[in-house]
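Structures are listed in the sections that come next.
Shared chain: chain A. Partners: chain B in the first complex, chain C in the second.
Showing the complex of A and B:
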């Protein structure tokens, strides 16, 4: 998208992608410079032009403020009092080192009003973009969702900018230490030559669509509208420990602290514990974001929130969502989708904060902070918090709320280490070792077995081997890139498998009635302490099957295996000491 | 010992000063002849045709074409073959993309960029 310098006779010089919309009124001509430039370059030229401008006699007498036309509050662009801004822009362009172009000021006399059908769509557009930060590609896709042409959606965005409701920012900006992406904050870019000189493309957030320094981002400054017409209808009653944690969360929401961590045992019902706090925030007109690093977690929470808040508009935004720009006061999103928001939410709840990819790098944490409105609150939920946040909690920088017991008041199943030596992996595996077959028979007698493997190629291999060993059993598997993943997970939830083989994708946010857990090669380097605790946490989650068994099958007791067992025992001890177990 | 070190230092200084005079550049005629031989040799290579499909609406189209161009010499050396690249653009080509395509065709003559629908028409 190109931006044009526009100038009206009332000393206003600004940048606009649609100069025909930039007329201050219908009586005066508006000058605009052709050809247009990418926003990042145009802004630099504008700054340089401003430096060149000599204040006129009014400015020297300190009276320029009296004659300068003040635009609407927050309007992007720059206005100043001067003798000839147009010449200053041309001088700044000549001095900028940009390749020569045939610059020419043109005039618009005829006003081009928006078509009536576009004005009708304006309200829908405004609702969809509130609090968002959208690339040009996003705007085009939003236009498609609304049945608008690309140029029309740009016009609506520009109208919002002119009214002070939004702003255009360069997608990547050059800082002293290099480029920085304005969407994800990353400095990891690739530079390449184009007609204007050196451009850059962000390499970190390409999953949301490519972003280059030649593009602009539209940022909407309006708050998300929160309707008071919703009901909070808790599905079940909270037990005493959950109620106490919920009360502490409410206290956090009402108080002055900005960060809290709810450290709850796997299956403690931490999501439901947050519902009263969410209801309170919404009743106060505060927009709420429920984010998680993984799609499965978001899809698992969505129906529970919908049941507790009937009538509330709660869009689910993941990479698989067909409608990316649905509006709502309670947004459920993966942490990647959060990068499309800017200072939009007064309350952010981040579930599974220690999970990949959120825990894998600073980009998503940066995005989450950017999505938080000034003065907003972040609540982290985790069963296995990272040492950094625990340290912050110890220092008092973050409030710590603990919920060490499960909602059904039974202890967490403590994993059992079983020594199993065999040439692990996909290669060379032709039959199931008898010791493992015996363990599986024992576990299947109690319920469906979730069999975790450390590497993706193992899944299909073990599915084949176990189908051969147990032909009467229903056995399947899934991994992150499996196209059939959602359908298989749904069948797993309905209890349609005896054994389900998976990688760490199902280690969190999934509840399967009566599930038993077996971790193959638990001493593998990819299985860390937190992952093992989460996998063990899949067993015994429901009140009708609170037991369950967890087996860590490995050649040796790795440090992670020992620490995971110790972690779970510690949680059970704490829960017992607080009288939270029956 | 000291005078020896001084002598070594002095010699190093003189070498440093004279090095610029001794510098020798390959004469342009020789360079031209060498390049012509290389070019003739390369022309004997077979030509491999590669086709790529890119989305015309991709904001990073220019960058993708630049990457393609950057990796072409390496690919040619690896295959010991000249590589002719055809890029087919899918979807509607908007005026902004047309500008990008024109600029890339000017700068990267080894890459043919086109819209199959337009070519058929």
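Showing the complex of A and C:
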């Protein structure tokens, strides 16, 4: 996208991607400079031009980056000659070190009003872009959703910028040592030579489409509006433990603290506990974002929210969503989508905050802070909070709210370690070790078994071996990239398997009635403390099957195994102490 | 490619550690090249499995249009029927425009990753050296200045710059795109040929007369683009023109048998 220097006597120098466009107040540019350049470079030149204007003509750079004539100090009504600012730009360009071009100021003889059919779409456009940060690719896509041509979407965006509702931001900005992406905050870029010198492509946020330094982002300045009439109709009642936690959450919403952690046991119903607080925030006109690390988690929560908040527009934004730019006051999104918002939400609820891809991802932490409106609140939900957040809680920087018991008031199943030496070898697995077969028989008698394995290739191997060993049972498996994953998970939920083999993709969010859990090679490096706790948490979640065995099968009791067992025992102790268990 | 861009890319090849023409034999494995640039899994820059799956060393190339064909024949069925380009002396295309290879080329072109070409530059240059006779220079298929202003680079030029760097072949700005054309994708063969009529002209004063050239583009499908370029070059007196691309289609009968 090219930006052009434009000149008009009222606003002096500005940058615009469509110079011929009339402004909302009826003024228009008189001339523009060709050729256009990427915004990042143009900004630098404009700043230099501003400095070059004679010092006794005070020039001010406004919020929109325009250089305005204020007149020499003390005198008003002086006409700034038409030549002065244009000459300043040409001098700044010459001094900038940019490659030579045939710079020429073009007069604009006729400017263009927006076509009436375009004006009609302006309001819809405005609703959709509120609080958002969109790349050129995003704008094109939004255009398609609205039935607009690419150039028309850009014109609407420029109108929004002219009215102060938004601003244009260079996609990547040079810093002292390198570049910083303005969408995701990353400094990991790939540089390459272009026709203006050096360009850079961000390597971190490619999941949202590519972004280079030649491009600009549209960043809306407004918050998301909460306007629709909705009711809060909780489905079912909160138990005493949940009610206590919900009360504390309301208190947090109303108070002055900016961060809180809800540390809940697996299956304690941490999502429903948030609903009263969400209802309150929405009633106060505060937009809410519910973010989760994976699509499954988001799709698990969406229907529950829809059931509790009938009438509320609550769009679900994931990589797979067909409508990416739906407007709404309660937005559910996978964390990457968060990078498309800018100071949009007063409340952000982050589910499963310790899960991939947060862990070790400063980009997403950065994105969340960017999506939060100033003065906004972040609520973290987790059964296995990361050490950093626990430290902040201990320091008092983050409020800690605990929910250690499941709603059926039975303790969490405590995993037991079973010694199992894995049959390694290049020949691969040929048959099921008898000790494992014995355990599986015991478990299957109680309910469907979720068998967790550390690596994707293991799934198919073990499916084959176990089918051989137990021909009467229904056995299948899945992993993250499995095309049939949705269908298989649905079948699993309906209880159609005796054994289901999976990687950690199913460790969170999923509720299977009567599930028993066996973790194979629980001492494998891939299984950390938090993963093990989450896997154990798949058992005993429903009132009709509150028990459920959890077995960690491993050669030795690794540190993660020991700590996971200790963690779960501690949750049970806390719950018992608070009278939350029967 | 103007001289500023040209020197910019050469500086990048040097800084990235890409071996220069003389040092082609002794080269160190660069950081980026440790994993396969296509599948990211095994040893890079192009792992054994991906080479088999996309570069098809066991298949031949139609000498007229570069399509991947059985090694027992020298022309694809279309070219045997006279449907292919006529103004090129030979064409060589490295891989099959499908799967990860197609994704890779798409990533370079549309995701602002021209630098990725460096990962395959050395192998491509060595392969080309093997398939085509030596030439006086390498000419990239140009894109319209508007397109260049949009994207900031022409992937054919970047490839040509790589070949120049690796093999010492002079990079010749032999062609100019005088007419922007709408994308070829939705057009049939006749429409594509018509689309490109008059789109290219030989650049003045580039000393083409009596010389031989490698004409480089990223992908060849019908050959209409290379054909139109070759016509323009011949009318300026070029003697021999060899087409060279990263990818081409595959003879229909072979598709599906490749695994």
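Rule of thumb we're sticking to: the second predicted complex is superposed on the first by the 539 of 582 C-alpha atoms of A that agree within 3 Å, B and C clash if a C-alpha of one lies under 4 Å from a C-alpha of the other, contacts with A are read in each partner's own complex, and residues count from 1 in each chain.
Quick note on the criterion: contacts are C-beta pairs under 8 Å (C-beta built on N, C-alpha and C of every residue); 3 or more make two chains touch, one makes a residue touch a chain.
Remember, predicted model here, so these are calculated numbers, not experimental data.
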item: Combined model on chain A: chain C and chain B, fit or clash; value: clash
item: First (chain B), second (chain C), both or neither touched by A:135; value: first
item: Touching partner for A:310 - first (chain B), second (chain C), both, neither; value: neither
item: First (chain B), second (chain C), both or neither touched by A:198; value: second
item: Partner chain in contact with A:212 - chain B first, chain C second, else both or neither; value: both
item: Which superposed partner A:362 touches (first chain B, second chain C, both, neither); value: neither
item: First, second, both or neither for A:190, with chain B first and chain C second; value: both
item: Partner chain(s) touched by A:99 [first = chain B, second = chain C, both, neither]; value: second
item: Which of chain B and chain C A:150 touches, first, second, both or neither; value: first
item: On chain A, positions contacted by chain B and by chain C; value: 2, 190, 192-195, 199, 201, 210-212, 214
item: Contact set on chain C toward chain A in their complex; value: 2, 4-5, 8-9, 11-12, 110-115, 148-149, 152-153
item: Complex interface listing, chain B residues touching chain A; value: 57-60, 62-63, 66-67, 94, 96, 103
item: Residues of chain A touching chain C in the complex; value: 2, 35, 99, 190-199, 201, 206, 210-212, 214
item: In the complex, chain A residues that touch chain B; value: 1-2, 135-137, 140, 150, 190, 192-195, 199, 201, 209-212, 214-215
